[in-house]
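Read through the structures below before going on.
Shared chain: chain A. Partners: chain B in the first complex, chain C in the second.
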Partner chain A sequence: MKELVEELKILIIDVLNLEDITPEEIVADEPLFGEGLGLDSIDALELGLALQKKYKISIDAENENTKSHFANVNSLAKFVSGSCA
Partner chain B sequence: MNEVQFEQLFGYQSDQAIVSHTDRGKISFVQFKYELAFVANELKKTIVKTGVTKVALFCEDSYEFSLLFFAALSCTQSVVIPANNKRFTQQSFGKETLLLGDWANKSAFSVDIPGEYEEDILPPDYFTAEIQLFTSGTSGEPQIIVKTLQQLLNEIITHDKKWPSRIANTTILATVSHQHIYGLLFKLLWPVVSGWSFVSKTYVDIVGLLKDASKWSPSVWIASPAQLSRRISSWPWELGKSLTRIFSSGGPLQEADAKAIYDLCGVEPIEVYGSTETGGIAWRNQLRGKQWNPLEGVKVTEARGGLLQVFSPWLPRGFICQDRVKIYEDGSFELQGRADRIVKLEEKRISLTQIESLLMKDSYIVTAHALTVERKRKAIAIVATLTESGNKILENKGKSFLVRQLRESLSRDLDGVALPRSWRFVNEIPTNTQGKITRDLLMQLFDVMPAAMAPQIINSEFIDSNGKVEFTVNSDLPCLTGHFDASPVVPGVVQLDWAMHFGRPLLKAGSAFSHMEVIKFKQLMMPGDSVILALEFNQEKNRLTYSFRSVNDSGIEYSSGRLCFGHV
Partner chain C sequence: MGDGALLHKCGLSIEFIVSEWRAWYSGISEPAEWQSWRNGGMTPKENIQADVSFLPAMQRRRLSPLSKAVFNTAYPLLQQRDIPMLCCSVHGEAKRTYALLQDVAKEEDLSPTAFGLSVHNAIVGQLSIAGKVRSPALALAGGDFPLQAGLMEAVGILQEGTKQLLLLFYEEPLPEMYQPSSESPSAICATALLLTKPGEESYGLRASLLPSKKVKVQSAFKAPDYQLPIVRVLLEKSGSVPVGLGWELCINAD
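Entry: the complex of A and B
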């Protein structure tokens, strides 16, 4: 799980082209959207696409749980590892 | 006479017709009438009690929005439709405005439909209030655009004639919000006027949209380039065959995206060009042609400065847009960019002036210049000079901390898309020999090296004229491919490029590369190596000395040299 968390941080920086941010500076349990890292709705779209492509998982954006999966890097890692299994 | 009768507005042929698919299930026209009557009645009581004449309406759900919207149109004087329900927006209204719908405010009026209805209440006979929408003006302050319901209906009638649905029970599905004019017209007003149904939620998931489009076919997708350009081929696009039309507006759709959507679901996307100020102006289908065709009844002329001037049945008088235009003999036209400092990112109109003036109010910033840069997505970039306190934060807490602070304070006033993503803090804003700040000069500060071409940074430290960057040579760097197959090494020219890339913040503004001196390559740099790049800039001689050394062992040197600059 720890590896996946690190992998996701790099994916986020890479996919969203975040400048000036190193993986260490992304706190795994701080919010990705709104406050915290301050990502926006287009980032959510991009990130969703990248996860679907890389991990071959399907994301149901209409599902209420999806929002909580995308809350922070930790929850995302749990979701990805759960979906891949 | 700005009075619209109930019968003019609602085109449902029977009480059983479906108005909306909501999370409470299907809402028939008869149920809609009851619910509208109930909400209008309750709202009227509140209006009488409080004496307000103006309401501000924000609702996530389009069906709930419709109830509050039509109720408010019947019993208030103006209905304000803001783009968001942020605290800043809420504060801008003041006490004389009643908040309707989803607001972080307990006194907001919201829909609470009881399970049972009194049969004797009737929906409003006519709708009279004005509608206020917002747009970002050239000055940066959001500007209010006032419309009448009749104006909006005039436009709907034109679209309805141009793109009639052959089938009565069409369903409208949207990935855009009704809080903007395009969604208000296409997602909400068009279906109610035509007697079709609309899905009350705004889809974020295209898979869900495609499934519902097929379930409730025939259907129409009200889209924007943001979604049409982000696709995965494994989505069930074949379900899109049940769509009779796809509309796109808010910004230009790439021709390749229009073609891809056609290939995937067999529908040619129709783009509508317009603005909050003007409503719809023209349309195009990029599979048939790149030029825009004015909507029926719309006249387009070229005003002074090559700007587009529009006259239309839904505008009280001619309006000059800030878009430059080239008009062809057949009446079609081509757009040639904005004349003001408004840029469009992901369909959102963003004022560079507003971002600059907000930043310059910040205690960390002296001057700020905003521009757009092309990354994976087009984004806002800032070149700024810092106050003493700003510089202190930069030195003590680092750039990412400062950037985060600035983004957080901007996010109170700006949409997420408008928040700057690239930042350069400089001692002085670069100017050319005439003392002017040009976009080209500012662009030089934004290194063009894509993130994937740079090695994985572990640590970096810049003090005055010196810099130190610690990194590892990750094995997926594109420069390693084929150089060489059996034993990949970092090419010398790439090392020079990295020295230039990481050294750029140390250079004087407006420096131009002139030549290199004493370049030496001593050891092969290979994947997995941990490296320290040391940089020193000599202000007087205007040159950058660099050396790459190994972190481990005796600190062997890979390469070193000097990059020399002249001044433009």
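Entry: the complex of A and C
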């Protein structure tokens, strides 16, 4: 899981062009959206697409749980590992 | 009597003030650099991007090389003022759109960011968000004669009572596939003109749009570096530039 967390941090930096941010600066249990890292709704779509492409998982935008999966890097890692298994 | 004088006699002269201007032509940016360009001492560089370090990183990350050039010219003229903006470009974000079309052809999922930023008003939208501009922001397709399209729209807005507005022109080199249909701009170029309605408080270069039967003008699809003649008369602080069929822009003409 720790490796996946680090992998996701690098994915976030790459696909969202966060060129001035290092993986260490993304705290795994701090919010990705709004406060914390400060990502927005377009980032959410872009990140969702990148996860679908890389891990071949499907994301249901209507599902209430989707929002909580995207809360922070730790919850994303749990979601990805759960969906891939 | 010339057409301009006749028009003036009829009370139809279209006058405005160019209060300030900036232009970025792939590395040529500051007044001294433009003077050097005018004397043949400076040419545009390859692989150079306009400086936008005045923006926070989270706002910079979505800017393309073309939108960086626009921000570089527009932002210093806005000076955090909330004034209307008018963006005019023939091709807009041609490279971004072309990359998206390639993904469509390959039946790949499209990047939501690239999709959102490929529309013609994306640059002025980003500018209005970053500059907190709530005044009207318009994007025009330049067509064959972008200078005429942009300037006519701008003077129309001034005539309606707006005191000041920011008029922007910008182009980037075209992907090779489009080049049989249009000449490609030589390098990324953006021009920002702060236009003011003539009046007691206005300062800057006096400008007017005049009808003239004798002007010869080429389509922007044939002569895509159409911004450079405007920059030249602004540097010289006088002269005239053909802007469209039967229309010219005069700077400091009497």
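Here is the rule we go by: the second predicted complex is superposed on the first by the 85 of 85 C-alpha atoms of A that agree within 3 Å, B and C clash if a C-alpha of one lies under 4 Å from a C-alpha of the other, contacts with A are read in each partner's own complex, and residues count from 1 in each chain.
Criterion: contacts are C-beta pairs under 8 Å (C-beta built on N, C-alpha and C of every residue); 3 or more make two chains touch, one makes a residue touch a chain.
The shown structure was predicted, so the numbers you read here are calculated from the model rather than taken from an experiment.
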item: Residues of chain A touched, compared between chain B and chain C (which is higher); value: B
item: Which of chain B and chain C A:E64 touches, first, second, both or neither; value: neither
item: First (chain B), second (chain C), both or neither touched by A:E3; value: neither
item: Partner chain in contact with A:E35 - chain B first, chain C second, else both or neither; value: first
item: Chain B versus chain C as contact partner of A:L49, first or second or both or neither; value: both
item: Chain B/chain C common contact set on chain A; value: 16-21, 38, 42-43, 45-46, 49, 52-53
item: Touching residues on chain B, where the partner in the complex is chain A; value: 201, 203-205, 207-208, 226-227, 230, 232, 234, 346, 375-377, 379, 399-400, 403-404, 407-408, 411, 415-417, 419, 421-423, 451-452, 457
item: Chain A to chain B touching residues, read off their complex; value: 13-22, 25, 34-35, 38-46, 49, 52-53, 58-62
item: Chain C-touching residues of chain A, taken from the complex the two chains share; value: 16-21, 38, 42-43, 45-46, 49, 52-53
item: Parts of chain C lying in touch with chain A, wherever the complex brings them together; value: 57-58, 61-62, 109, 111-113, 116
